[in-house]
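Structures follow.
The following pair of complexes shares a single chain, subunit A, combined with subunit B in the former and subunit C in the latter.
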Partner chain A sequence: MSGHSHKHQGAQSIDYYAYTSGMRKVNASFKVLFSVTLLILCIVLDHIWVSVTVMAGMGLLTVCAGGLSLRRYLSLMKFPVAFILMGSIAIAAGIAARPYGDFNLNLHFFYLYTSGADLLRAARLGLKALGAVSAMYMLTLSTPASEIISVLGRAHLPKLLVELMNMIYRFIFILMDVQSRMSTAARARLGYEGFKRSCYTFGHIAGNLLILSFRKAGIYYDALESRGYDGELKFLEEEKKIKAWQVFAAAGYLLALTALAVIL
Partner chain B sequence: MSKRQKRAVKLATVFAAIFAVVPAVNAMHIMEGYLPAGYCIAWGVICLPFLVAGFFSLKKILKENRRAMTILAMSGAFIFVISSLKIPSVTGSCSHMTGTGLGAILFGPGVVGILGIIVLLFQALLLAHGGLTTLGANTFSMAIAGPFLAYGIYKLCLKCKVNRRISIFLAAFLGDIFTYCVTSLQLALAHPAENGGVAISAAKFLGVFAPTQLPLAILEGILTLVIMIALETYAKAELKSIGFYKEVK
Partner chain C sequence: MESRQQEAESSVILEIRDLTYRYETGTQALDGVNLKIRTGERIAVLGANGAGKSTLFLNMNGVLSPDRGEIFLHGEKVNKKNINALRKKVGIVFQDADNQIIASTVLAEVSFGPMNLKLARPEVARMVDEALDYMELNEFRDRPPHYLSGGEKKRVSIADIIAMRPEVIIFDEPTASLDPVNAGMLEEVLEKLGSENKTIIISTHDVDFAYRWAQRVLVVCGGKVLRDGTALEVFSDTETLKKAHLKRPALMDIYELLVEKKLVPDQKKYPRDTENFRDLFE
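And now, the complex of A and B:
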């Protein structure tokens, strides 16, 4: 899996990393609770040092305890960073008829300006988002989606939705597999030569994919029903006990963050 | 360099700076951590009535036909896969469909709301598109506002006897544009400009994302059309099973 993989491989790679993570043995509910609390703290405290600490702490946790290589971690960070850069441009830069900020760029019809305060605002927001993203990555890179779904189920999400999520999660990978074989076949026949042909091929593959997925859906329902499916899929789950030191470490980290925001 | 030349260089630099980061930006998912807590909750609450309505219509569908379960799940997976595929583009940048228009036309806006929030959750978990705290805002723009508009336009066009293919294109195209406008507005509401407030801020967000989103919307329209033509040619039976033709006739 190369670093510059596009999103199709991306889906499989985050899932793959989650299954092979060193932190997989940690209780899933605990990880969900910890990362969501971190997310909320990061957003509510809105403090530059909290953001930086979360970013560094969760990055270290994912790389050291999770065993994900730093290169892969950074390459996963590329997508959020791109969004943050775009958003920061919109926040930091202003448009006005006259030079308004500290730094102005005359574009003939109007001025593009920015000021120290605006830049600081954009930087704060960017760091906050990066902190939040690393808290989310800590969860998603150590917990397979199936375990997160089961946590949601235990949190009393309606059974129908849990069921739907379980099925969608499994079907995603089946359809991706089918799609990648179709696009290989199309590529072998020069299906992606030129823009117009690419659009045509893309559309036909998508159409075919839907037809195939509906046929598969029927077959899967028969298979489920023949095994006694009555609206609830039950999975065998590994029992993962929460250890006392994990709770203390997590609570300590959260307290330290809050203290940081109060003191600094 | 003359003054004019200097200006040209500056302008080119700005454009280059914008386009340098463009290739990695996809559909308009608001990134994790980008909205203040109040806005995260507010957008979630706004989504709630739509989702509850969607949930009950889903329940009704399943009560009538239990086999619809796997079909609905496949539809959700299909929307996810379609929106995660790299689509052909002229510039070689890496962009993705939103699939909102297609989903709305095929499955109706009510069901798409529920499927949409699940797909968005998986996009956050598996692709890091969007996030957990911004799920409400993203659901509103991509799984509620966009599909409802797309569906409305599609129905309106059919009523006005507009050519079917043009209606499909318009529905997907405008649905995408609308999603992009709603997202820009969401960002602007959360981060108003100090000089000029929400309106100026919205204009800035619209401007920054326009170079990627406008071509993408046109492409989304074209691709949705091609997909629908393929489906109408080869999958009349499947389309009937999800009630697509029932509405057309």
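And now, the complex of A and C:
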């Protein structure tokens, strides 16, 4: 099972980490509320130490309480970090014909320049974004998509959207499964030998997936109807109790962050 | 005699009269099917792919509505108004669990049917718990279906139906993609359901299984019920078997061979399984 999730990086492994997270037992609405508040706080307070504290705090929470290995956490963080870093460079550095900044790099035709203030601004922005990302990571790495969807449903998102999200979530895995089987079968017949063949095979698999999806949808609908489906998907959900200490801990953390912004 | 007849009539759960169904593509899937399903029956439905088994099942459960013919549930004619009663009383376990499982956790999945019965939540929770216990799925209740094995998914798809407490459970080719361990699990579940006097209908290509397990065998061919009788009657009817492209169960052949070779006395006591067979020699 874990081997399976290793092969498909991205959505599937994140989903798997969420299901195996130590924080899965925590009430989903509570986690959503906490992480969204954190996200907003991170942006509104716009304070470098708040951002760093959120980043470190959420990382610790995901790794220690969630039980995700540090290596995996860092490898998941790689992508947002790369994007934010590139964005920050663009903000910090400027291009001009003359050396305007505190630090200048002569590139013969033009100068690449930056200043201390610009660097600080970029760092601030980058860390703010990273703090926000780590708050969202805490949520997604501890809460399966289905639970997040049900929170959205309880927050009165239109039923149609919620049901669509639920179905899409379920079918992604089915389609991925079918696709992987088809591409294995294609590989067994040398379907990926060379670029041209690969393109050809890819196209055929995509076409087949579409046809198969239509057929599967029909069978699915029959199966739903046979169990009394009447136009609304209703499921039972297990209530996860919010514990007092969790509320206190979360409130304490948020207050501490605000205090940090005021004092420093 | 008359009272027995009456008793037999009263235990009829489902009666199908002259059921005809044609798909939009023009395929005549069912052509004048007549059937009576009684309490506690164990029925195997045999027939080639495309013979109309699945269409028959979908009609029996109200998903498809027949072009002609009627279905009676406990003597009451099924129409648009009481079709939900039919869906509750007759449950279908689909061939491929992946085509049935819709929810993102086992608990939510099993609750889907009971929730549609519009019961109070505590009642739904109780039905779900019972079904999970029944199929020994309690440890998986928070698992998403895509992290379950094939056999586990099959168990979930059965729990789905058991949770709705139907009187008739239809299994559409249940052994199709199961390994021996899970096929064994399935037979145990069938045994358990049978002992609770549930009516079970199974479509299968496995004649040996049908012969061993079923009291009654239906042979479906070209949208018609070609033969309806006890397992022994049906499998003795070589002409029907030939028409429907069915093989004879190996145990029957072996028994007849032994009789022919005078190794066992010809008492017409066909053994149903290997244990029965052993008894022949003791």
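Going forward, the second predicted complex is superposed on the first by the 235 of 264 C-alpha atoms of A that agree within 3 Å, B and C clash if a C-alpha of one lies under 4 Å from a C-alpha of the other, contacts with A are read in each partner's own complex, and residues count from 1 in each chain.
Just so it is clear, contacts are C-beta pairs under 8 Å (C-beta built on N, C-alpha and C of every residue); 3 or more make two chains touch, one makes a residue touch a chain.
What you see is a predicted model; the values in this text were computed from it and never measured.
Trainee: After lining up the shared chain so the two structures overlap, which partner does A:226 touch, if you call subunit B first and subunit C second: first, second, both or neither?
Mentor: In the superposed model, A:226 contacts subunit C only, not subunit B.
Trainee: Contacts for A:234 in the overlay, against subunit B (first) and subunit C (second): which applies, first, second, both or neither?
Mentor: second
Trainee: By the touch definition at the top of the document, which applies to A:83: first (subunit B), second (subunit C), both, or neither?
Mentor: So A:83 only meets subunit B here.
Trainee: Applying the touch criterion given at the start, work out whether A:128 contacts subunit B, subunit C, both or neither, answering first, second, both or neither.
Mentor: first
Trainee: Quick one: is A:91 in contact with subunit B, with subunit C, with both, or with neither? Answer first, second, both or neither.
Mentor: first
Trainee: May I ask you to name which of subunit B and subunit C touches more residues of subunit A?
Mentor: Residues of subunit A touched, subunit B against subunit C: more for B.
Trainee: On the A-aligned overlay, A:188 touches which partner chain: subunit B = first, subunit C = second, or both, or neither?
Mentor: Neither partner.
Trainee: Figure out whether A:244 sits in contact with subunit B (first) or subunit C (second), or with both, or with neither.
Mentor: In the superposed model, A:244 contacts neither subunit B nor subunit C.
Trainee: Given the touch rule stated above, what does A:263 touch, subunit B (first), subunit C (second), both, or neither?
Mentor: After superposing on A, A:263 lies clear of both subunit B and subunit C.
Trainee: For A:209 in the superposed arrangement: first (subunit B), second (subunit C), both or neither?
Mentor: After superposition on chain A, A:209 lies in contact with subunit B alone.
Trainee: Share the list of subunit A residues that count as touching for subunit B in one structure and for subunit C in the other.
Mentor: Shared contact residues on subunit A (touching subunit B in one complex, subunit C in the other): 15, 145, 167, 169, 174, 216, 220, 224.
Trainee: Under the stated contact criterion, what part of subunit A meets subunit C in this complex?
Mentor: 1, 15-16, 19, 24, 144-146, 149, 166-167, 169-170, 173-174, 177, 216, 219-220, 222-230, 233-238
Trainee: Can you name the residues of subunit B that touch subunit A in the complex?
Mentor: Residue list for subunit B touching subunit A: 7, 10-11, 14, 17-18, 21, 24-26, 29, 31-37, 40, 55, 58-59, 62, 66-67, 69-78, 80-82, 84-90, 94, 96, 106, 114-115, 118-119, 121-122, 124-129, 131-133, 187, 191, 193-196, 200-201, 203-205, 207-209, 219, 222-223, 225-231, 233-235, 238, 241.
Trainee: Where on subunit C is subunit A touching in the complex?
Mentor: Subunit C residues touching subunit A: 58, 61-64, 84, 87-88, 91-92, 94, 96, 98-105, 107-109, 111-117, 121, 124-125, 128, 141-147, 160-161, 164.
Trainee: Along subunit A, where are the residues that touch subunit B in the complex?
Mentor: So the residues of subunit A in touch with subunit B come to 6-8, 10-11, 14-15, 36, 39-40, 42-44, 46, 76, 78-80, 82-87, 89-91, 93-96, 100, 105-108, 112, 117-118, 125, 128-133, 136-137, 140, 145, 148, 158, 160-161, 163-165, 167-169, 171-172, 174-176, 179, 192, 195, 198-204, 206-211, 213-218, 220-221, 224, 231.
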